[in-house]
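Should a chain be cited, it is by its letter among A, B, C and D, assigned in written order, with residues numbered from 1 in that chain.
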Amino acid sequence: MSTLKQLGIGMLGYAFMGKSHSHAWKSIPTFIWPPPAVPKLIVIFGRHEDRVREAMIRYGYKKYVTDWRKVVRDPEVDIVDNGLPNHLHKDPTIEAIEQGKHVVCEKPLGRNAQEAKEIYEAAKRSSVKTMVAFNYRFVPAVMLAKKIIDEGLLGKIYHFRARYLQDWIVDPNFPLVWRLQKEYAGSGPLGDLGSHIIDLARYLIGEPSAVSALTKTFIDERPLPDDPTKKGKVTVEDTFEAAIEFENGAMGTLEASRFATGRKNFNNFEINGEKGSIEFNLERLNELRVYLKEPDERKYLEGWRTILVTEKIHPYIKFYWPPGHIIGWEHTFINELAHFLDAIVNDKDVAPQGATMEDGYKNNVICDAIIESAEKGKKVLIKY
Amino acid sequence: MSTLKQLGIGMLGYAFMGKSHSHAWKSIPTFIWPPPAVPKLIVIFGRHEDRVREAMIRYGYKKYVTDWRKVVRDPEVDIVDNGLPNHLHKDPTIEAIEQGKHVVCEKPLGRNAQEAKEIYEAAKRSSVKTMVAFNYRFVPAVMLAKKIIDEGLLGKIYHFRARYLQDWIVDPNFPLVWRLQKEYAGSGPLGDLGSHIIDLARYLIGEPSAVSALTKTFIDERPLPDDPTKKGKVTVEDTFEAAIEFENGAMGTLEASRFATGRKNFNNFEINGEKGSIEFNLERLNELRVYLKEPDERKYLEGWRTILVTEKIHPYIKFYWPPGHIIGWEHTFINELAHFLDAIVNDKDVAPQGATMEDGYKNNVICDAIIESAEKGKKVLIKY
Amino acid sequence: MSTLKQLGIGMLGYAFMGKSHSHAWKSIPTFIWPPPAVPKLIVIFGRHEDRVREAMIRYGYKKYVTDWRKVVRDPEVDIVDNGLPNHLHKDPTIEAIEQGKHVVCEKPLGRNAQEAKEIYEAAKRSSVKTMVAFNYRFVPAVMLAKKIIDEGLLGKIYHFRARYLQDWIVDPNFPLVWRLQKEYAGSGPLGDLGSHIIDLARYLIGEPSAVSALTKTFIDERPLPDDPTKKGKVTVEDTFEAAIEFENGAMGTLEASRFATGRKNFNNFEINGEKGSIEFNLERLNELRVYLKEPDERKYLEGWRTILVTEKIHPYIKFYWPPGHIIGWEHTFINELAHFLDAIVNDKDVAPQGATMEDGYKNNVICDAIIESAEKGKKVLIKY
Amino acid sequence: MSTLKQLGIGMLGYAFMGKSHSHAWKSIPTFIWPPPAVPKLIVIFGRHEDRVREAMIRYGYKKYVTDWRKVVRDPEVDIVDNGLPNHLHKDPTIEAIEQGKHVVCEKPLGRNAQEAKEIYEAAKRSSVKTMVAFNYRFVPAVMLAKKIIDEGLLGKIYHFRARYLQDWIVDPNFPLVWRLQKEYAGSGPLGDLGSHIIDLARYLIGEPSAVSALTKTFIDERPLPDDPTKKGKVTVEDTFEAAIEFENGAMGTLEASRFATGRKNFNNFEINGEKGSIEFNLERLNELRVYLKEPDERKYLEGWRTILVTEKIHPYIKFYWPPGHIIGWEHTFINELAHFLDAIVNDKDVAPQGATMEDGYKNNVICDAIIESAEKGKKVLIKY
């Protein structure tokens, strides 16, 4: 182990993302062997001292702080992992970059394109490695989809349609959490869920050129989390629905909602090309559905095949289990953060597998265009 | 049998629709017993004498003609069934109505709203029964969906999303058939496939209030059917993509394409309500997928259930086979035409189960709005 | 039509099989064009005069009788179609053969191997065409499975496992119908359902060599159909469970039950070969699931493909509808009876596509061996 | 953390089971909070020094040894985790028990019932906690199945059918690994895979009373792992097929094979009761398929529901992620070992959730009965 480089991790946030990222950092050496470097869990930040102290113990950090500036300035920290809410993406990320830390930041990069642009420009000015945590690029099945497309097995692409559906706020008494307030979140399911499918569209198909969209807030007011007898205003959309066209001529729809009863984490896309098609659903993330035209003499065998993406030859699977022993949602982070370690240690580009700050910025531009299209009732061209 | 009323059928067209409608008329007494009336297959019309003569023999008509006017004026004919291409919907349908025949006409009713309006007004002036053949209203699973919605099991509806996908013109050498020419078809997959999902949206959810749409023609020129060495211009869209909102506040997407490789007859809709959701796919038309919230003490049992819609208690199934013995696509016509017979013999309304000429007209209005939205790059309000 | 041969049909039975066979005879010219011959529906037999008269009208027969001997001796009848309960397979079938009629008889051929042997020997003595109505050989997806196996795409076969599950007698108050009485049925789900999967095993894989089986009657007594206040004894098994080996070395399980709640008509088989596998489920009879090993360089694409067996190149589909427009359970009879017509008119062998009387006899031998194995608690070798 | 008890772990084996168990021990505090105790990874044993040293580093053990006796006698070790091949279950497990260590041992407990009995008796003589690692009892979906059955939602059980299918030795050139040699493994897929479905049968349904089985070795000789130019004899079965009956009257089939091309880890069971049914497939371990009869007025809603077992109310899920964020195969071990920690720390019974040494012994008895039935060609009664 003396020959294994170690890198110190400073984690911002201990909740959903704090837990998933911390588990990933810890699990890297178990699975990714030899690892590019062994992550050392140095410090974790959170606002609530009791909770961040508990998180430190659970996840195995050396220490905790309640001021994020102490993380980004900590000399033991090589990598800052920003898992904070959206309104705390910009400042800590930029300051960490300026402190010479490598930074991985959760998505969406900014609450809007302007914020994202500032982060992107800070990254451009620096030589540290930076990445936006669009972790679904690291689902083995999604990487297999990318490979199939890049090899030309689908031919010219005609359609990309995606919808990211959840159902956790259908109840009108669900409280006004930060994700429902523009001040903190920037937007609703658009930035939270839509940014993922926009990223997958760009990763898999290419740049969008125009959108025509509608948005809607179904429930205007909700109980305040701290005082449910009072209500506050929902200031983000509850759904967006968009028609989209791509620079390469492909056409499709994009949609996200938290009002799709029965859909729990239904990030579902379908791609149709002249020679084949692909479908994916995050709720069955170990599977990829693929249709490939066969030569004439085998045409009677054409069908949608369900590839169980658990073979050693599939992306990242050699690090895990034998065929049919499926991985879970959390493994996307193990793959992603190992990729980031590799970029840092071996001075490789984060792109094209990982999402760069430029990707994060462009993603925000598209989100803004969707909002603008809905507000103005007209088609909006995408311009970076 | 002496007590069974007989009604004479005059069929316009012998191809795809001629075959499916004729089989349905013939099969009604076998399945729907006692039938409202026994259809007598009198006469079939087609332009090509050899083919229409063969059709007469195969399907069991008494005679054939090569002039449609002879059908609509035939005194033995009580019901005219118009299965001709779209440009031949208006004149024969109106003349049949004016001759006092009951008329069922294939969809889309007109090549555009103006044509449809003329037919609709002719029907209003007359006392004959008229119906537009939106046969997917008569899929037992779709009728079950309607029942579930009407009973309030889904609660308030938040989303309707539908896509009707096929793949039969992906090959650029597929010829320039009438369905690809605006003169004959009016539009491309919009009128052919999109009109079906628009009808299902109206049947199941209610009236749309606005659309924001994009369209595209992927392949501009195709070989002429009669001389493949020459090419002609494709004058309809190859796909449309639309965001839609409904009067009742629901939001969604609509899409149709003939470039979705691997999708053969994928008429797929999903409805999300506050208490449950429904999904349907025409390629598995005996199944309905339904998600229903459970009371708290049974919440651990919530899931998408696949209802095999083949029980005696399901719509129309008592006329067919025991549970699990599935029906096919053609049974939609048996159900639909038996419904029309019932309306005629027992002087009932075709609506709300069947689609009226008014439904056909409104459908064309929405199709026109989608085209207008795409052409102008703006959201268009639906006005009848 | 003058050039089309006509053959007179005499139908025994008007209930479930009477309806499905009559519809098939009537539909042959609509779909199978040109047909080998046009079936003329001459006469239908049933014990209950009111019901058989109604059946005559519904299905379009010229006349009805209440004595089956009048059918098998009717000079207008060329083909006798025996859809009667199992205890009425032997006598009418043998007498029809001896009267020089072609005969198609429902399955199982006999209540036991001895009965089946008598029928088989009568057929051997005659020159008429005979067939046992194992209609699932005529499901297009099953025929595709046969083709795939025969072409060697699966390689050596290691496993065949099948289960035919229904749930219509789970309720202990379901009455003691003829299918639950050995006197009429011969056996329970073994002859009713098991005979189908035994036939598919022989059709697809080859001859079984031995069985080890268990049987059980879950509910011993049931209400009498005519007087539900009294109970009678169930004299057949409610389920059988068998391990099976084949002459070619393949191994598997066979099972049938009417106590599988939620399984409606679940005739489900799976075949595993060294190069691939196949799965089928009658409740989705338009689909075949196929797994095929790929060459090494494409191994990442291996998966179970769902073939939608509705393409023109698929068996019998050219007679029906465009891709994705599915057929129903009843189409198996149209295919089967058209095949029988072809064998008669063109003096072809019924085998190997259709099941011969020899197939019917061997099927009964295997059923008897399963009963014997369960009764004696030992493995039984199959000997014809 | 000072208040958290710590327990020292001694791991036997570093390969497949060594990796999955070590990851589980390490991940317990991250997920299961507060944990019954915090596992301290003390020592890992393996025969090959290079590999076990690497394993020590990867998984985070303090030390490694190449003599298993040093583990079972190590004073820092509280729990011995035996993940060695089957022939090394008995001696190390018994000696660890006798050294006063708590022991969790991989399945099957013995190579045969006699070995298992010796272990079971050693456990009975001791007061340490012992468990057999039948980890599929700890799949949340399987635990949900258990709950549904125990609550009586299925009513009386009529059927249990299970098959555990893999395909990793279809290639005749796959080498003669220890799992194919009776000396090391005891049996083939019977002990490896069949023992899992036998355990699930006993866990979910109850005790089997009799089996009628067949076995077969498809490929008799295989290349030696160390010298592929030579072949050695396969001394275990390649498949078993069994009919089974249960003390409570239920009937079914059991089957395991490594020759089921396309089935990777297909542990699939189906249970049919008078009021409902359940189906499970390990390749989609986050899902449970459940069919429940509805009251008459809701009967039209009956269908197989796919429960996505990722809700907070589902077993163990509260420790992981939000709905729809699926877990993987490895989580079964986290759940299982946390359960064992709880039994140790809080002096609870391992049963009925966990498998005891008695369960392990009874499992081996059933395996032996299956072999005996196949060898003698007769039904064998289960006697413990």
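The definition used in the following text is that a contact is a pair of C-beta atoms (placed from the backbone, for glycine too) under 8 Å apart; a residue touches a chain by one contact, two chains touch by 3 or more.
Quantities reported herein were computed from a predicted structural model and do not represent experimental measurements.
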| item | value |
| --- | --- |
| If a chain touches chain B and chain C alike, it appears here | A, D |
| Distance-maximising chain from chain D - centres being C-alpha averages | B |
| For chain A paired with chain C, centre-to-centre distance based on mean C-alpha positions, whole Å | 53 |
| Inter-chain centre distance, chain A versus chain D - centres from mean C-alpha coordinates, in Å | 35 |
| Centroid distance [mean C-alpha coordinates] between chain D and chain C, Å | 41 |
| In chain D, residues with contacts to at least two other chains | 263, 302, 304, 308 |
| Residues of chain C defined as touching chain A within the complex | 144, 147-148, 288, 290, 292, 299-308, 311, 313-314 |
| Residue ranges of chain B in contact with chain A within the complex | 154, 158-159, 161, 163, 165, 167, 170, 210, 212-214, 216, 218, 239, 241-245, 249, 251-253, 255, 257, 259-263, 270, 272-277, 291, 293, 302, 304, 373, 377-379 |
| Interfacial residue positions of chain C with respect to chain B in the complex | 1, 4, 16, 19-20, 22-23, 26-27, 29-31, 33, 54, 57-60, 166, 168, 263-266, 282-286, 308, 310, 320-331 |
